[in-house]
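Naming follows writing order (A, B, C, D, E and F), and every chain is counted from residue 1.
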Amino acid sequence: MSTATPIQAYAAYEHFVVSSPSPFVAHVEINRPRKLNAFSRPMWLEFGRIFTQLSADEDVRVVVLSGAGDRAFTSGLDVQAAAEDGMLTAKEGDDVAKKAKGMRSHIEEFQECVSAAEKCEKPIICVLHGISIGLAIDLSCCADIRICASNTRFAVKEVDIGLAADIGTLARLPKIVGSTSWVKDVCLSARDFSAQEAAAVGFVSQVHGSKELALQAALALAASISEKSPVAVQGTKELLNYGRDHDVAESLRYTRVWNAAALQGKDFGQAIMSGLTKTKPRFEKL
Amino acid sequence: MSTATPIQAYAAYEHFVVSSPSPFVAHVEINRPRKLNAFSRPMWLEFGRIFTQLSADEDVRVVVLSGAGDRAFTSGLDVQAAAEDGMLTAKEGDDVAKKAKGMRSHIEEFQECVSAAEKCEKPIICVLHGISIGLAIDLSCCADIRICASNTRFAVKEVDIGLAADIGTLARLPKIVGSTSWVKDVCLSARDFSAQEAAAVGFVSQVHGSKELALQAALALAASISEKSPVAVQGTKELLNYGRDHDVAESLRYTRVWNAAALQGKDFGQAIMSGLTKTKPRFEKL
Amino acid sequence: MSTATPIQAYAAYEHFVVSSPSPFVAHVEINRPRKLNAFSRPMWLEFGRIFTQLSADEDVRVVVLSGAGDRAFTSGLDVQAAAEDGMLTAKEGDDVAKKAKGMRSHIEEFQECVSAAEKCEKPIICVLHGISIGLAIDLSCCADIRICASNTRFAVKEVDIGLAADIGTLARLPKIVGSTSWVKDVCLSARDFSAQEAAAVGFVSQVHGSKELALQAALALAASISEKSPVAVQGTKELLNYGRDHDVAESLRYTRVWNAAALQGKDFGQAIMSGLTKTKPRFEKL
Amino acid sequence: MSTATPIQAYAAYEHFVVSSPSPFVAHVEINRPRKLNAFSRPMWLEFGRIFTQLSADEDVRVVVLSGAGDRAFTSGLDVQAAAEDGMLTAKEGDDVAKKAKGMRSHIEEFQECVSAAEKCEKPIICVLHGISIGLAIDLSCCADIRICASNTRFAVKEVDIGLAADIGTLARLPKIVGSTSWVKDVCLSARDFSAQEAAAVGFVSQVHGSKELALQAALALAASISEKSPVAVQGTKELLNYGRDHDVAESLRYTRVWNAAALQGKDFGQAIMSGLTKTKPRFEKL
Amino acid sequence: MSTATPIQAYAAYEHFVVSSPSPFVAHVEINRPRKLNAFSRPMWLEFGRIFTQLSADEDVRVVVLSGAGDRAFTSGLDVQAAAEDGMLTAKEGDDVAKKAKGMRSHIEEFQECVSAAEKCEKPIICVLHGISIGLAIDLSCCADIRICASNTRFAVKEVDIGLAADIGTLARLPKIVGSTSWVKDVCLSARDFSAQEAAAVGFVSQVHGSKELALQAALALAASISEKSPVAVQGTKELLNYGRDHDVAESLRYTRVWNAAALQGKDFGQAIMSGLTKTKPRFEKL
Amino acid sequence: MSTATPIQAYAAYEHFVVSSPSPFVAHVEINRPRKLNAFSRPMWLEFGRIFTQLSADEDVRVVVLSGAGDRAFTSGLDVQAAAEDGMLTAKEGDDVAKKAKGMRSHIEEFQECVSAAEKCEKPIICVLHGISIGLAIDLSCCADIRICASNTRFAVKEVDIGLAADIGTLARLPKIVGSTSWVKDVCLSARDFSAQEAAAVGFVSQVHGSKELALQAALALAASISEKSPVAVQGTKELLNYGRDHDVAESLRYTRVWNAAALQGKDFGQAIMSGLTKTKPRFEKL
């Protein structure tokens, strides 16, 4: 568990600990280590709410996401809990069209909770370690930067439980790494891949010898970003995400309109001035 | 030539041998080794028909594509045959607009035959070896996973015969590997690149010491995928291909509608149950 | 400075030297070495005009872009000049909506000048060395192929001066390299990255021991491309750029229409014939 | 006010009365007649919640939306309330970039509440009468079918209060009627237009002599639709809305996937059978 | 039945008569009047083949499509035949995912046959009369120009047989007429609409007193278009269809590439010259 | 000719008279009445420059475009001049690919000049009268509002001179009026259509008894718009044009970012205040 003080405003969440390891940095820890941090429905609903709250929280500029315990970032969906909730088995005799409507709505709810991390306006650094399969990939694909421990065991596991992954991996993974041949290999075979392989294909950008070292590196990177202009940082996240889904001409147009307001903020002048005077700028809350 | 028994339903094809090395796996071999497996028009018409048939064939769950003979996967277009068919030389005096219409129609036919592999609903593993230039790149870009022998000599050769590649390489290659600088280098210079280089940029995901070893690896991977739920596997291929051409929000929406039917199939429950009982599931034909 | 003879038609430009190191190759050198090749507004206006002119110049088939002097490809925006021009500081009391309009228009002008390189119909090989930060990334993202010296120090520096990069880096960089985790890391942290790192992620496709060697390699590659059919080469650039911004079906359709005219040119037959007769083709100006 | 019995599940809403004039039909009435049904922030938050609830309510198959009182469907934004909430006036001295962030977020909240009507899976018939300006157009653009009284006074009023309409009118109106020349005329001039003009350009599809007659016609149409298969009706709304935002090939593809589940429901067979036996079908809840 | 001589090349079709009422004009008649021209599967397969053949037939420049007999253009799907073919009823006990795959494939085949009319490179003028419901709307939406008799009874009938229309109406109708309120009204209510209403909303562009007069007008218009440059006419159809599915900048770009070949044809000069010399041009086959 | 005083800043244009009939209104008159206002290349180059200048001119808030003389708004391309310039006839023996490149470039230049009107940030009201064919349609499609005299004779004339219209009509007309059947009729037949027909389909929004009356109505409308907030008016044009080319979700997102700056301008508060105090607001230059 994180040693930093929990942030009061997030104390009511049951399955996550949110603490502040340094100014303007929030550390979100998935906190169900006895169950390998597997996700039940209440957990993903909380996950969505936390990131929506972080997005609007002016005391937070960067977020680090990790999993409690030694064994797993997360082992994915808590299949047993899902089975007990009746999510996996439609009742006999139900109408196919009616069940289809229910499933669309159920998948959408799940997708939106996970996507809340992508929509969060602050950069998210995800630290993976140990078992990191199934939903672990969906979640980490919504982070901006991925760092992992050398013992991480990754897998896009869904075909092995009889379904095409539907919470985001198939939509996002091919846009996150360069080799489609590799993406299709791991998604179709459901095989494990290692931290080294994840780094080689660009899925993670750093590998460290242990979870602790990986987390430490993430917190250091987070601290460094938290000292920069939040107008610049949050604009950069927005424009990179926009760019992923639009062509270049569209992106340039949107960028112009975005920066027409952003550049009128004080951060810009202050950062310029600090550069010229070689002093450290301090940016106001956004 | 493949040692597996040819599949009867594909026996009539002249230029390809289609055999079944293991249950639910089809092995398609380009079979014109004396001509370095170069493609004439009848060949690409057959190519299109074969993959359309494989797509609908419920006895096939995975396809391996390779070239017969030691020397080449394929040396590309059979230029001599094309010249004799009059495809390369428009008649003097013909009207430019009329010739343009003929060429559009001719290129479209060729593109559609090759795209049949991409549209085939079953995963395709392509094994390349030896000479693999020009059309070899177009074809293999339509496969899902690429594996090659260490002796493979690749080249996007088209500029050297005076044209911008128009059968798919320029549309697909940049979406298959990560480095645009590399893509433009090989497409503009038409230079050879090796198996090692292909692996480094992510064009292929495995390199093996010989064609035989590469093929063996492909067949093993195919066999492994063929034992998984076809609903999950074919859904995964569909959603990954959809994702390549759509933004994330679009993909998530399409995924919900797709899985609303897929998750009502029996494969899902069966795979879950097998996971819990540690038994090997057997999936029905799709 | 380049040792090749300056091309007369470009002699009037103040901040750039344009010379011809070999037939059909133009070498554009950013020529303000005392200021680390930093860009003032007159410079980017010239930059735009030069590439628009090169695009239409039938004596040019390939362009090499580099920076004069030992120390920098370019250190980016000339902040001091920009400050003196009043570009960085809006006047107090001005109306926010009015300033927003002015900024949109100002950014658009800058974007269009830089985009002129991308729109130039001839391939551009960019040679980077030394300090290559901020605008250096925007510029080089518009080139087709990037080559660098081993001493290059790269950085997407904009967040450190308080803004989200708005001249193209955020729109283009994620489409140029494969790893989004890496892109977001360097864009959010503004940290330096080395030539080796740039090669590993695919941002550059060659690293050489010095600026001279890098330039030499670029000129050799340019010379090789300049001997190929300009119809084929320019079509390849157009179709690859089109492909980046369109899905595969769209690209194939556009390709058919494009090649319906291109294949009626003489280059195609000539290249085919040269291939058959093992002679070196000579292509007419385009 | 509506004479039908209020539906218990919606009784807690303060500013709207939701009643059930006939089986499976919900009638939503904007209920602030003394203020010409002008919208304060609590009202649009309620509006969003009501339509989200209606979307999931299996007892509702069609919705009719109208405004209480004789004088107005709605006069739009309650400017006075907005002024008091500080929504219209940014505090002096605030940072422009910070205010821009606040405004984006504020507009997004408002847009999403209004868009809830468009996203509601049940068809919505909007009945307009009297003053119907500003927000009235935004709201009614999210309905599927528009019917009005002959005394309706329409206006896209926003330019007259100094802003470009940002809650949906400019995005949706041009896709709802055919003549762009007319759309730009009314949006740029902010002039009134009559029921007759609205019918002539296709904005409304029926005009009736009074609010009562218009409402009666809407309820009759709603009743008629409510007797049809909800699978067919809701699928039709979904596919028409999808079609507005996608090209034809995309729409056909999505349609196939959608109907692959929908056609397996019982409604299809039942409707066919009823057609052959000339009996009235009864469809189960969806 | 048409009085013009059947064209030999289309004589083998069973359910359609294809004749040539004037040079370069083909008249396709749906020929199953005893069954109100209802479509069975063999008919729509033929329909697809005919329009694919017409598209490539250089003796045809314009096509007129109508229905034989006095009573109906077409009453739509032949429900009885579909029921006998088992297309409407999935077998009990079949797997939902497997049935979904079958249905997707079945709908796609049907969609593609109908879309063949849209893809036909020659303009199609559709003449509707009498009963014109269900599939009649799907078919006529693929024509370029719609003309009808005053006795035509139109309806988008699908919701009344329990499904959302999936052969094209919902994708195309909103792009063919201006008023979305009207489109949703007729699609959700399945009500009849008259020739006058069809003309008022722009679905048809001419109404004539009888089927004969409507057909006569269509043939006259076809004859007039058939005398114009086929390069110009077919380019116009292509560019208008392209424009429907693309934004303006995309359309302008595609147009440039298209006309770069088309304007080099002889038709252009010949038409110009005829204009100057006031003579009637004669255009060669395309 | 216009009776208003010519504006000095536009006095150097040869083929157009630009005057100011009322504050903040510019009237652009095509001024080559002896040639029916037919366009030669120098004219369309001027046309592009004028609208680019108007877009940036803070003394102009609305533009009216009309044609000098009694007989024609414009008869379109000056075919004779084009022939003399060699634009219509490619030289014999030229390479097809080379000519294609030249034509693409030539068409692009022409398209961009005409598109300058669409890109102009101020609303444009186009007044048509008399002969208004060919290019007249391309030009007027770039205006925001179209008004015409009852004697106007319209035609999309291009197929009659052997080409598919390539300067914008085919890309824009279908997005301007509702009935595709009508659009294809007039584009394929090249037939004349009257002012009444243009009004009925929504191409123009007002018809007046004479050119003078039409112009008078346009000037009055222009004057009325010119008194409104330029921030609101120009934002409305931008957002409506953006909306035409994007789906609703995209438009709403862009709108939020646009208005986040616009609403911080003074116009908004001033307009609100004027509304409350019933006084006439005066807006500063933008």
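What to note about this one:
We adopt the following convention: a contact is a pair of C-beta atoms (placed from the backbone, for glycine too) under 8 Å apart; a residue touches a chain by one contact, two chains touch by 3 or more.
Note that the structure is predicted; figures quoted are calculated from it, not measured.
The pair with more inter-chain C-beta contacts, choosing from A-D and C-E, is A-D.
On residue numbers, the D-F interface is repeated by E-F, which shares over half of its contact pairs, out of the options A-D, E-F or A-F. Averaging C-alpha coordinates per chain places the centre of chain B 35 Å away from that of chain E.
Averaging Cα coordinates per chain places chain B and chain D 48 Å apart. Centroid to centroid, with C-alpha atoms defining each point, chain A and chain B lie 34 Å apart. Among the residues of chain F, those in touch with two or more other chains are 96, 100-101, 175, 177-179, 201-202, 231, 244, 249, 257-258, 260-264, 267. Of all residues in chain E, only 79, 83, 88-90, 96, 99-101, 103-104, 107-108, 111, 115, 118, 158-166, 168, 170-172, 174-175, 177-185, 187-190, 201-202, 244-246 touch chain D in the complex they form. Across the interface of their complex, chain A is touched by residues 56, 95-98, 100-101, 105, 231, 234, 261-267, 284-286 of chain D. The touching residues of chain E, when paired with chain C in their complex, are 254, 257-258, 260-261, 264. Against chain D, in their complex, chain F makes its touches with residues 123, 144-146, 175-179, 201-205, 221, 224-225, 228-229, 231-233, 235-240, 243-244, 247-249, 251-252, 255-264, 267-272, 275-276, 281.
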